[in-house]
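Shared between the two complexes below is chain A, which has chain B as its partner in the first and chain C in the second.
Let's turn to the complex of A and B:
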């Protein structure tokens, strides 16, 4: 039997991440979103002041260990935030609880990352796997974009989400690059077939902030769906495909390259403050330029980078006349409270739109 | 239609409020009562009071707001379900068209809404902390063995308010006890507490917001003379407390119902206030969230559902 490997959950991208480790001759173990049970376990085991993302991830590894998984992998890159210590702390928590699960980091550690050294895959299947994972990531990006667009104008509430889930299931079954490509080609016509209301003018709302919360629909209380239901076409600025381009710095000229974002944010923020804080500032400016109606800034309570850019965002909101709703989440956040704020925000934007429509490029 | 009226109902954490307006948007009837843990029953008894007072009213539209809005909307049959932030702003703008800032403090939440040219441009709601809301004032009044009305009267009499730490309500309480023990007068402590609460509100909820007069102060806490005085002192201007300050959310909901002008109201009739409306829960098994969904049952028939993380069940009636 193949050994199992627990992968950090990352919303719909979990299936792409799962595809990436198949070459290691392991069985990927992941979830598409945190569950109440995961969070309960995580909250119980984590220090109180750790952020929500940490708690969710810890809970996830505990669940994996309880399911008999012996290995895990998570991002622990340098220069982000407290995330760089998370792997070590989680490892310690697991050990203290008597759980036998070793977490590999994806940090820089010699030429070969320790994960690859351990499982030692053959180079050719390894590269094939990477290609598959990359294709799947891009496919999920495309799916997300379609869903945001359709959800705001669908006639029957829930159609877009249902179709998204079907497409993700198909994508998960695709085993090779040509299969993935074929699957992606079906997305556009399938979404075009959803009955929509053409008379509705959707609001345009940008979602920015901390990556895990932007992607995990349990942790962010289903933000995208709530806003979609209120007739808002969201744009979630964390797309893993775009992000990978940043990391590998391939697309120096792509719109999301680090260089571009830095230049955009410069009037407000010159230094990196960790995490995706600089991205938040840059994307907020972009939202104003592109005529978005508003922005929702999402962060776990106590998130160091995102909380430090909040005053900047407030200033930016005044300067650029861009409404920004700040949402902080922790395990105690009340769902009703979140919904109330989002509803009020949407109805405020609606009123503004009627009084003075924003220019749409 | 002559005699057509619009009903607004606002069921929140502490109180259930109801307002009936006529076709000219004048308040015909209003009711404020405590929920005491039974949102649906409170709404029903408020409705019974309305029926007793205006038996001839014909409801052309019903608006529901407050944190229990979905439950109440399903049980009574509402045409408009709106969040309380928008409802409160709508009522304040209706009462004072030149309003620039709305301060609304309720049982468990406090909000500030910035209005310019009759349009809401910004708002904030207390987050992660409910210091300075009605519940806390209630609890402290009880601890001092005062009714909330006496508390309010005492605060106005104070000549030299005591300084009270207002960051955390538990520490505010410790500080209050300490001040009592060293012999401060009760009315000064009470007023000091109001000032601390107002300062906390201005420092936490209103941070970064441009507070400009005219300011409308509404919600349950606006009945408290001490809080009115505290805000007036800290903001250096007189606050406007509208006539129906206790029921502004319900007034807003009624106005929104009137504005939406439904062709035929979904109101299920005054009889609902007599029936025992029951609720039952089931766990939705469609995903790993396993949300608990509440079904509202009236005479054996499911009239609505609420709860759950996705919108799948929201407001859906009929069998599963």
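Let's turn to the complex of A and C:
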């Protein structure tokens, strides 16, 4: 039997991450969104003031350990944010509870990352596997974009989400790069077949903030679907494909490169701060430039980088006449409360739109 | 480079000796005495905000971002108090205070956040304090030039400020008694309104208490890279259980650094067999609640011995 490897869940990208470890001859253990049980375990074990992302991730590893998984993998950032310490503290927590799960970091200490050294895959299958994972990441990006667009104007509520899930299942089954490409080619016609209401003018809302919360449907109380149901075409500014390019510093000329974002944010923020704080500020400015109706800023309660730029977002909202809804989530956030706030926000945006239609690019 | 060239044109700019406001919160506590000495050496009058009081705390709750930690909220209240009195304030961007270490990420956005919040009420003078990139002396000299002083003047002021900055206080004479150690970030420990009632209460209970002085972490930046947290962890590792009766950590609500460093403190002290208690400060801290917890802590330790 292949040993299991617990991978940090990251929304729909979990399936791409799972694909990336196939060549290590392990069984990936992940989930597409946190579950209430996962979060409960995580909250119980974590330090009180740790952020929601930490708690969810810790819960995930505890569950994995209880299911008999021996290994896990977790990013370890080199940044200023708390993320730097996640892996070590999670390891401590697991040890204290007598759970035997070793978490590999994704950093380098030597030539190979420790994970690769341990499982020692053959180079060619490994590279093939990386290519598959990258293709799947881009495929998920494409799927997300289609879903945002269709969900806001679908005639039968739920069509887009259903189709998204079907497509994701197909994508998960694809085993080679040509298969993945073939799968991606079916997305466009399938989404085009969804009956839509062409008379409806969707609101355009940007979602920005902390990455895990933007992607995890359970942690963010299904923001994308709620807003879509309210007739808003969302754009989630965290797409892993774009982020990969930034991490590997190859997208120097892409629209989302750090360098571009830095230049965009300069009048308001002159430092990277850490996490995705700079991205939040820069993307909010971009939303205003591109004529978005509003922005929802999503962060776990007490998130160090995101909270520290909130005063800047508030100023920016006034200067650029861009409504920004600040949503902080912790384990006590009530679903009904979130829905009510979003409904109020959407109806306020609708009113603004009727009074003064924004120019659309 | 740009500031360097600009400094030739701005030299002797009128108004370069306009008074500058310095809040009595956050950064002056991280580098005690440094900024006052620097501006004094340049001949710029410094206007300090009044010490924290109950009113400052209440004001902070009203005007500041709700999810900030207490020290950042207090900074906002102190700055607001300065707003009517000066037309410029100094808020540095603290990225790292000691080589090899980094500072809390919240401090990296401060000047921009302050500018956003108080726009039109005062000008924000800032400098990037990043020991990993350039030494403090150079940072100070550049700040002097940016303020319109000649390079030589600025460099001299930088040297004077570094010489005058308060050296770390010597540990109190050893009386042989077991002492309690109060740890926390310097800006919490140095704020008389926040920390003094706790020290007073402990003294009333008849125990000796020592405040951890601010200082550079000496060892390698592992496992913690945040400077103030690493300093605390080092102090705890060096503690001798025969001399230390217990450790009380003063943390502020929503402190990100402490949420991650807490497990390390706890682990270290557990291994050494030293009792540990964390007291969380927020704007609602009622003294009676703190008193009860301190009494219980001290009594339970007295019972142990």
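Couple of notes before you dig in:
Convention: the second predicted complex is superposed on the first by the 360 of 361 C-alpha atoms of A that agree within 3 Å, B and C clash if a C-alpha of one lies under 4 Å from a C-alpha of the other, contacts with A are read in each partner's own complex, and residues count from 1 in each chain.
Keep this in mind: contacts are C-beta pairs under 8 Å (C-beta built on N, C-alpha and C of every residue); 3 or more make two chains touch, one makes a residue touch a chain.
Not measured: the values here are computed from a predicted model.
Within the superposed three-chain model, A:301 lies in touch with chain B and with chain C [touch as defined at top]. Once chain A of one complex is fitted onto chain A of the other, the partner contacts of A:36 are limited to chain B, with no touch recorded for chain C.
In the superposition on chain A, A:348 makes contact with chain B only, not with chain C.
Legend: residue contacts after superposition of the two complexes on their common chain; A:48 is shown touching chain C, with no touch to chain B.
Of the two partner chains placed by superposition, chain B and chain C are both touched by A:328. By the touch criterion defined above, A:314 lies against chain B and chain C together after alignment on the C-alpha atoms of chain A.
By the touch criterion defined above, A:229 lies against chain B but remains apart from chain C after alignment on the C-alpha atoms of chain A.
When the two complexes are overlaid on their common chain A, residue A:97 makes contact with neither chain B nor chain C.
Comparing which residues of chain A touch chain B with which touch chain C, the overlap comprises 301, 311, 314, 328. Interface residues of chain B facing chain A in the complex, by the touch rule stated above, are 67, 82-86, 109, 117, 119-123, 125, 127-128, 208, 288-290, 309-312.
On chain A, the positions that touch chain C within their shared complex are 47-51, 79-82, 84-85, 88-89, 92-93, 268-275, 277, 301-302, 304-305, 307-312, 314-316, 328. Within the complex, the chain C residues that touch chain A are 65, 67-68, 72, 93, 95, 102-106, 108-114, 116-117, 119, 128, 223-225, 253-256, 258-260, 262-263, 267. Partner chain B is touched in their complex by these residues of chain A: 31, 33, 35-37, 157-158, 161, 217-218, 221-222, 225-226, 229, 301, 311, 314, 323, 328, 330, 332-333, 335-337, 339-341, 343-345, 347-348, 351-352, 355.
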